[in-house]
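What follows is a group of structures, each given as structure tokens.
Two complexes follow with chain A in common, the first pairing it with chain B and the second with chain C.
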Partner chain A sequence: MDDFQIYKSYQRLLKNEDLSTPLAAILALTEMMEQSNAGTMFELLTELKGAAEALSRQSLNPIGLKAGCELFIEFITLFPHDAASFSELKTELIRQGQRYAEQALAYRAKIAELAFDFIKDDSVVSSGFMFIDWHDEIDLHIQILTHSYSRVVLQTLLVAHKRKRISVFVTEARPRGMGIKTAEMLTAAGIPCTVVLDSAVAYAIDKVDFVLMGSEAVVESGGLVNAVGSNQIAIIAKAANKPFYALAESYKFHRMFPLSQYDLPSHNPGVLSFPQTMSARARPASSGLPSKASSVLSDNGSPIRITQEDIARNNPDVDYTRPDLISLVFSDVGSLTPEGVSQYLVGMFAG
Partner chain B sequence: MASDPQSAANQRIVEDLVSRLRRRQLVGSRATALETLLVLRQVVSKARFSNIDQLVNIIRSVGRRLVDAQPKEHSVGNTVRKVLHHIREEYHTANEQPAAESSFSIAKFVLQGQPRKQATIPSSESRVLLKENDPDDPDSFARVLKPVLMEAIQDVFDELETVYDNISKNAKDHIHSDEIILTLGMSKTVDSFLKAAAHYRNYTVIVAETAPSYGGREMAKSLSSAGISTFLVPDSSIYALMSRVNKVILGAHAILANGGMFATSGSLLAATAARSYSTPVVVCAGQFKLTPLWNLYHEYGALDFGDPSAVLCFDEGDLVDKVDVVNPYYDYVRPELLDVFITN
Partner chain C sequence: MPVPEPESASAESQSLTKAQKKAEGRARQEQQRAAKAAQKQQQQSGQNAGSSSNKSKGSTVQKKPASESNKIPSAAASSSKDAPTTREGAVGADGLSDGPKSRGLRIFSHFGLPKTPGHQIKGDIHPAIVKLGLQFSEFKICGANARCIATLTAFKTVIQDYVTPPHNTLSRHLMTHLSPQITHLVTARPMSVTMGNAIRQLKLEISGSDIDLPEQDAKDALCQEIDNYIRDRIIIADEVIEDLAVKKIKDGDVVLTYARSSLVEKILLRAHALNKRFSVIVIDSRPLLEGKTLLHSLTSVIPPIPCTYALLPALPSLITDADIVLLGAHSLHANGSVYSRAGTAMVAMLAKEHSVPVMLCCETYKFSETVMLDGFGKNELAPMKFSPDAPKSNSNLEVLNPLYDSTPASCITAVVTEVGLIPPTSISSIPLALGRTTL
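Then we have the complex of A and B:
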């Protein structure tokens, strides 16, 4: 199976709405193993590493996928076996990979249940009996802020909606605008829901009880890699003293230790670069405010339009949220403090 | 089963503890933990069961009754959970299946980390076989398991008995000569911790009197009788004195899963004052106070309220009708305000 093919099968697997990138990567690797004719463990591992490399090279945002590949390859390396022949071992490993992907689909439900316990009860809000008159109006709705689109957040909100009264603020999450998708699905499920601008989070935060965030990956420091804008929401939540909860299935734990935004593998020189020609031309632009927000007259009088695509091209897809901004990480292995995540990573990769 | 005389005796001792908890004749987390353990020991020794589920159910139902009697005494629930844990553990070691190694999967890999290279010890040791639900001899299961369980409970008991000594063991590493320590309330743990340090160090303790229970007065008396130079101060001067204090040492009522704690009211005041002077706050508490409970929203209702007459006496009849008097036993102290926990 060549590099192109494995990316093809990865993309095909991703069409399944339920599969997240790490799981799709694991399944793509099992497909590759099925076709591989490696005769030894060493050959197989070399092939797998090559395939993982190829996948992350071709993907725009390889973080989640890398987490899945690393987990699977590490597992294969350490798999204790007493199989008689190598082909037998290989089928066993393929079976393991597929079974895990199957099992892992149930993790979201598990996380939803776990996170549900942390959504405070209406009844508790009003039980501060002697302080009732301090609040002029007691809002019985629990107001949750979420960002972009995440399957596990969606499932948690749906579970919470069945048993508690919640309403949700969803950020638009530009440039991909996935927040709209979340809002549509929540509204369809009958959950009161409002889309807020990414720039209006600080305005909305006082109404919010807590922030619920999905994730692309949780890294070794306990920090979070997620759709761009998560970091600023976390900073705002911290400033407003609101809990910031991250939801992540354990296959999203990724052995990486970014020290800044620019250490993420998705960072490339194009992000936040200054387009040379444009700045040179636009500098002596007409004084005063431009008549249209998005068009500026250049020297020779022709308008320069900055399109959404231009902006998106120049901007990151994901950002990194520091662990000190995160209250708790809910995952299928339990509700962890951000530092608790590294315990599992060390167990797997450095035991 | 209710008809049989042994379970009736069990009922009686459980009810006895329930009513003492409810009437607050029994307070304090270590005392309640000890009493709970005694009751559980009785219950296990008298209980009749022929499989593990029955035993667990018996203990659970007793535990639930005790917890319901006084839900704010978290150590009751903790003790019950601990005993249940030991019972399950003993049960599992007693009939362990050797073929557990082959079922390694990715999910397990994530959860437990790398597979250990330990060769499974060939368990040739003569082990009594546990037979559950033996129709001929329904008591055989209990007969085999009970001695092991009693031993396990005794272990928990010993741990509770020695808790103060174990916490105090490294007291001299935390308290240095000529330091000024602030504490409040009457906590036996802190008391023995400070006294243990006094063998090695010469230091001063400031005790806030901790109105309205005035546990601090008791504490000051106890410390000064042990030869520690002690000052008793009113609660209102905690902040003023904080600039001189090297360390704040507090006791806890319960330590929660997020690292916060319930502690004698006044603790929050001391912890907040300490934070503003960056004074370290040390908490001494036994492990039986660790409670799997979250107080994430800092609910005031999670606290326990005491008798208001300690604050405003009924003698002041005129006032009593006109004001609401609140006398919370405990403060909730946020995890951010605490620096170190010292446990056994």
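Then we have the complex of A and C:
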């Protein structure tokens, strides 16, 4: 299976709305193993690593995908080799991979149950609010937006709605605007729900009891990589002393340690760059990022237009939330503090 | 823990202790002669030992006078050089005189002052250890890694020169032979965590060595183990850390570092060798001014790395320029606090205040299971020779230079170890993850 094929199968798998990027990556790797004719473990591992590399190279935002590949390769490396022949071992590994993906789908229910205990019923006090930012876990360029929502947050909310009274603020989550999709799903389920602007988070935060956040990956520092805007919500929640809970299945735990926003693999020089004409002319402090009306003329007389595409191109897809801003991470391995996440990750991969 | 002293062979051990006493007396006599000490105790036993020595430890004892006569003058010179600046309190803390302790050391007397080891060689100390002790107390060998490697290398010589006494086994007796050597090094300068960890590992190897192995083979095996330890836990670990840390240095970055860590130096040189374009701010402070050494090695590569050198008071105005702070460590404790050169805490705290990521570079063998809450419980004072402009002896001023401080875990973004980048709060789970019960 060549690089192109594995990416095709990865994309095909992503069309299944239950599969998030790490699981799709794991399944794509098992498919590759089925077709592989590697004769030894070493060859197989080399092929898998090559495939993982190819996947992350072709994907715009490879963080979640990498977490899945890393987990699967680690699993294969540590799998006991007691099968009679290598082909048997390979079949067993493929079966294990598929079974893991099946089991992993049940993780969300488990997380929902864990988080449920932290959601207070507002029977006595005035209305309780939750504040949710969510994002799609599918790469931008795959235009299958109908499938994309933070499944684990949604499932948690639906579970909570059955037994407790909740109402939800959802951020719009620009530039992809996926918050509207969540709001529709929640409203359809009968959950009171309001869409707030990303810029109105600080305004709304005082009405909120806690923040519930999905995640693209949970990294080794205990921090969170998630759709852009998560970090500012975490900062605002911290400033307002509101708990900030993250929901993440354990296959999203990723052995990566970003030191800052710009240390993320998704960061590239194009993000937050200044357009050529601007940087040549204007001082950086008064950059043209705030949208100017089209009536403004540049030096040579042509009107300056800043389109949504320009803005999206100059902006990041994901950002990094520091561990000290996160109260708890709910995952299928338990409710962990950020330190606990990093200890879990060290325990899993450091050996 | 194995019992170092065998209980069974009583007759042998008695004759041994006798021999040890003789050798001890002899050694003491040599010190006295060399240092021109005024005491004249145990002259007789010293002469006895002189006439009937070389029973069990031939080469060791024979070598000693030559090497000591080499070493002692320097120690004497250093002590005489130190003498004018040595305060009453310093002497008092030494326990050498009963003079009143001066005020400054009343709180910090538990740090202990470095002693001049030439005066107090107790027991059968191997010349390599005597030499090392002098290098430690003179700060010729300074820094956790260097001290650990030097100690282990010296122990290799000691082990090779060691002869198991008759009716004794190496695995049981060698440690009793090494213990005074270790004690001697500790009197020269307090033991570093790295040395402690390495010695603990060495003890484990010694007690586990096969009784039936021929003595030379057992000694060779131990030396091999020591070499492996140095290679695996220090040299290869450093290479892995370099690889990991270099990835975090990007083109155009300004790297700030404090004093000199051998590991940080290697990382910066490696980044330079990889053609990364970055500049370095070296922050330094008295009394050791170790940053100068770092500055020299960074600027003597071709092309030289652009460097800025400043002292600690200038840090607030420079920290805003830094993109990343790289720090070294003496040891890392179970609660995540970092024990490192005094001033490190200030750099880390200021960096946190300015949201500059702080990367601490530290091998896992520097981890300690103890908890460190502040820099006062345990510390070390710089010797007087590093404060040449000390106040006059009649003034009430006391010079106090603690060598280390403790940085809280909250000020460290990431610890770069050979097992990867980890947050400082998770270091206690590393030994478990590596399947070790000890560090």
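Criterion: the second predicted complex is superposed on the first by the 304 of 351 C-alpha atoms of A that agree within 3 Å, B and C clash if a C-alpha of one lies under 4 Å from a C-alpha of the other, contacts with A are read in each partner's own complex, and residues count from 1 in each chain.
Operating definition for what follows: a residue touches a chain if its C-beta (ideal position, glycine included) is under 8 Å from a C-beta of that chain, and two chains touch if they have at least 3 such contacts.
Keep in mind it's a predicted model, so treat the numbers as computed, not measured.
Chemist: Mind checking the superposed model to see whether chain B and chain C fit together on chain A or clash?
Modeler: They fit side by side.
Chemist: Contacts for A:D263 in the overlay, against chain B (first) and chain C (second): which applies, first, second, both or neither?
Modeler: In the superposition, A:D263 contacts chain C only.
Chemist: Pick one for A:G347: touches chain B only (first), chain C only (second), both, or neither.
Modeler: A:G347: touches chain B and chain C.
Chemist: Under the stated touch criterion, which partner chain does A:E220 make contact with: chain B (first), chain C (second), both, or neither?
Modeler: Touch partner of A:E220: chain C, not chain B.
Chemist: In the superposed arrangement, which partner chain does A:P80 touch: chain B (first), chain C (second), both, or neither?
Modeler: A:P80: touches chain B, not chain C.
Chemist: Let me test your reading of the model: by the given contact rule, A:F72 touches which partner, first (chain B), second (chain C), both or neither?
Modeler: Once the two structures are laid over each other on A, A:F72 reaches chain B alone.
Chemist: Under the stated touch criterion, name the partner, chain B or chain C, that contacts more residues in chain A.
Modeler: Of chain B and chain C, the partner in contact with more residues of chain A is B.
Chemist: Let me test your reading of the model: by the given contact rule, A:Y203 touches which partner, first (chain B), second (chain C), both or neither?
Modeler: The answer is neither, since A:Y203 touches no partner chain.
Chemist: Of all C-alpha distances between chain B and chain C after superposition, which is the least, in Å?
Modeler: In this superposition, no C-alpha atom of chain B lies closer than 8 Å to one of chain C.
Chemist: Overlap the chain B and chain C contact sets on chain A and report the shared residues.
Modeler: In chain A, positions 346-347, 351 sit in both the chain B and chain C interfaces.
Chemist: Quick check on the complex: what are the chain C residues that touch chain A?
Modeler: Answer in residue numbers: 248, 324, 355, 357, 359, 410, 413-414, 419-423, 425-426, 429-430, 432-435.
Chemist: Provide the residue numbers of chain A that touch chain B in the complex, in ascending order.
Modeler: 71-72, 74-75, 78-80, 96-97, 99-100, 103-104, 118, 120, 124, 127-131, 243, 250-251, 253, 333, 344, 346-348, 351
Chemist: Could you list, by residue number, the parts of chain B that touch chain A in their complex?
Modeler: Result: residues 101, 104-107, 109-115, 294, 296-297, 299-301, 324, 326 of chain B touch chain A.
Chemist: Please name which positions on chain A make contact with chain C in the complex.
Modeler: Going through chain A, the ones touching chain C are 220-222, 255, 257, 259-260, 263, 323-324, 339, 342-343, 346-347, 349-351.
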